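Input: a single structure, listed below in structure tokens.
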Amino acid sequence: MSDATPPRRCVCPGSFDPVTEGHLDVIRRATALFDEVVVAVVHNPAKAGTFDLPTRLDLLRQSLVAQPGVRVEVVGDGLLVDFCRDVGAVAVVKGLRGGTDFAYELPMALMNRHLSGLETVFIAGEPSLTHVSSSLVKEVAFHGGDVTGLVPDVVLKALLAVRDRT
Amino acid sequence: MSDATPPRRCVCPGSFDPVTEGHLDVIRRATALFDEVVVAVVHNPAKAGTFDLPTRLDLLRQSLVAQPGVRVEVVGDGLLVDFCRDVGAVAVVKGLRGGTDFAYELPMALMNRHLSGLETVFIAGEPSLTHVSSSLVKEVAFHGGDVTGLVPDVVLKALLAVRDRT
Amino acid sequence: MSDATPPRRCVCPGSFDPVTEGHLDVIRRATALFDEVVVAVVHNPAKAGTFDLPTRLDLLRQSLVAQPGVRVEVVGDGLLVDFCRDVGAVAVVKGLRGGTDFAYELPMALMNRHLSGLETVFIAGEPSLTHVSSSLVKEVAFHGGDVTGLVPDVVLKALLAVRDRT
Amino acid sequence: MSDATPPRRCVCPGSFDPVTEGHLDVIRRATALFDEVVVAVVHNPAKAGTFDLPTRLDLLRQSLVAQPGVRVEVVGDGLLVDFCRDVGAVAVVKGLRGGTDFAYELPMALMNRHLSGLETVFIAGEPSLTHVSSSLVKEVAFHGGDVTGLVPDVVLKALLAVRDRT
Amino acid sequence: MSDATPPRRCVCPGSFDPVTEGHLDVIRRATALFDEVVVAVVHNPAKAGTFDLPTRLDLLRQSLVAQPGVRVEVVGDGLLVDFCRDVGAVAVVKGLRGGTDFAYELPMALMNRHLSGLETVFIAGEPSLTHVSSSLVKEVAFHGGDVTGLVPDVVLKALLAVRDRT
Amino acid sequence: MSDATPPRRCVCPGSFDPVTEGHLDVIRRATALFDEVVVAVVHNPAKAGTFDLPTRLDLLRQSLVAQPGVRVEVVGDGLLVDFCRDVGAVAVVKGLRGGTDFAYELPMALMNRHLSGLETVFIAGEPSLTHVSSSLVKEVAFHGGDVTGLVPDVVLKALLAVRDRT
């Protein structure tokens, strides 16, 4: 018992519009590193996405239903560092697909460290998912391409529903 | 007590020839992310360094004496993934100074994941130490430059002793 | 005759708004690698360009009139991989100006490979044209700069006509 | 007296919406390299910024009041190379935060060299300000974060005034 | 018959010390782009490798025995551009694993273009083989790691034979 | 006369083994930025080059004979920052060929700034010389390739003399 420590939590932030297998890969890897993973949906009211916030949350929760130690929450109006403090997270986890990803993420990671000491840890995304991002998956799906396997089944259905509507 | 979990260990590998403030920065950040940090000195018998193995270990241990939750060990002839399994580590921690660092580290990180599922987490090194590496510090010190503040005091003394000897 | 093979076709896609000497350099290099080159104008109806689609095609065709083995077509609503299958292309050809260009193109290239096995080949653009892109050429021309030599003569005239109109 | 030369001028261009300590760091370093520094506010009438042009100029001038050899001007409708010729500048000075910054700046630098022979010199920004850009500072400030030390005091006040208004 | 053209050949150069599944992936992709692929073993007599030249050739040929349209040759003392001219190749094919790979290869590609007009085409390596290079595979194998699946079976045996000998 | 200022000096360091047109391009550009350019041959006694120090200096001086405001000197055993202080230089000038070049140069530039406040300014090398480096030129020349135009004539002769000797 003397070795016991409080659980270590991390936050996986994103817009998840919609969640892809690339996101799920990073979230699953995070569960191997930390005791609890809080998936944080960053919501920008000024920027309409493809899916509204309740749908994004719903798709995420359905995709993660079998994943213990993971919960999904919304980052409100405030800063990510405030959200992380509120949920008791020691780190933000980000997946990287290449060196330019790191260059893009670095200023935000250093800003968060500056603001509250919050650390960002980067992990290499699964290479076989390098081509999987929300925007590219949507572009392919909406032009009639098959994205089976690149997103969870519930997201596949949701994408097809959007395509048929437009 | 139901929240208690076994301690999470990570490994910070390197040749540490000698340890610099850049290394110590990454090690200290790792202690905020994991319960225990094993600093792993990778020893390549085929490649003579500036300092021999016992000296590197000694300088590391003196530099880390005030750092709880950190211990220093030698990686023997085997693979880093075997060492990590033996010490019960869930991750390797590496500091990055830029996108090209990541590109250089990525194949090794993916190889380790392939071999044993071992994950590598990357953290941004403190930007004000971007110019601090063992090789550059030695080059400066051996050409008469002042590296005070770039290495711990015990290393500064050791570097000057090497310089005066040659 | 036993050595004879069917002609190998490649596709050079782009928005060509308008075509520049940078584009023509890549197209000409592609003719040395493949028997036939299909220049594919990707048309996004949701995004108004500087030139409308018929003008882009016209400028391209005038610029390529002396280039045997090259034809210009429009990619309709579907995916680029479907267009490539329809024209019988074995590869997409893309010019690169630097490592970050590659990082940007990589996910799309891997997505196309995933969707249909279509390969993307990258060739180094002529370094002396590193500064030549449609957007930078337009910015210079519309602020009164001389872009002679950076675009074909027909494009130069078209750019000046747009500038004088606004 | 035979060694005397005419003063060497450089231009530090930017939109400065608003000026940050990152900009001031580059401007100050430029004063050590050249006799006179012209800070050139690039004004894009088509793109509404956070602060209007007179306010940007005012914030810059207040921030640079103690800096001899520096003056602030507006780049009008024309090209930067024409502005540089008019003020007699031998070079543009740009701060770099990483290799991807350079890749982004390179085409514009080569275009300016092509248009008028104007050279661009790149200097490494202060690493401890890697996270400081106008856009990131605004994002933090408008979400309630403290950006003291990342911008001059007059800018801090101006940012808080904008935040309270919205 | 009027559409028939002479076969298009490309060259895949490397030291192949030894061939890996990463090399084979690029060679196989090249066969989809060109009619014939010449695998060119670059031999540097001044630099002793792990395997001697006859062994490298033998391992390559055994690994490629089922691959039609591919042959293996040695580049002698001369330049790669001379070798390519002698075998009638229109292009060199190189696999890329990331943007830094491209930056490394670019000067050599441009030098070859300068010397003889020889073009280099770059293709994205299979992402799931990002961690597979001759040097990393050897490092792992010689430290007791299992590299099954990363190299052809004949190479696996050859690596184990070397390991047992040392 | 009141506008007169003391001359501004910069240092262009390198091993120049041998000088290439790529080096001369950067040196010439430096003369447009600073009043005087000191070309500093860094000499590493532990590392035998292709040409000995007196030959490197001789080739540089012959190549620069028509270039006013440039002189060639040897950096002795000390640090580059000490050399720069001794010659009264305000900056080191380095040519960049891409973003990875910058990533490589950045730690040394920041170390020099740390040691003495010495600034490094980076300028874009002439793109049409991207393939020109001492090592690549020597590799080509020693394998029988023609490097005319990539090095000054005196260097061309010197390279051929070395080739014929070996």
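Letters A, B, C, D, E and F mark the chains as written, and numbering starts fresh at 1 in each.
Methods note: contacts are C-beta pairs under 8 Å (C-beta built on N, C-alpha and C of every residue); 3 or more make two chains touch, one makes a residue touch a chain.
The structure displayed is predicted, hence computed values, not measured ones.
Path length between chain D and chain E in the touching-chain graph (shortest route): 2. Comparing the residue numbers each copy contributes, chain C and chain D share less than half of them at their mutual interface. If you average the Cα atoms of chain A and of chain F, the two centres end up 48 Å apart. Between chain A and chain B the centroid-to-centroid distance comes to 30 Å (mean Cα coordinates, whole Å).
Remark: chain B and chain D have CA centroids separated by 38 Å (rounded to whole angstrom). Each chain gets one centre point, the mean of its Cα atoms, and the points for chain E and chain F are 35 Å apart. Of all residues in chain A, those touching 2 or more other chains are 98-100, 103, 106, 109-110, 113, 127, 130, listed in ascending order. Interfaces, counted as pairs of touching chains, are A-B, A-C, A-D, A-E, B-D, B-E, B-F, C-D, C-E, C-F, D-F, E-F. The touching residues of chain E, counted against chain F in their complex, run 77-79, 81-82, 100, 103-104, 106-111, 113-115. By the touch criterion given at the top, residues 97-100, 130-133, 136, 140, 143-146, 150 of chain A touch chain C in their complex. On the chain A side of its complex with chain B, the touching residues are 1, 3-8, 29, 32-35, 90-91, 96, 98-103, 106, 109-110, 113, 119-124, 127.
Residues of chain E that touch chain A in their complex: 98-100, 127-128, 130.
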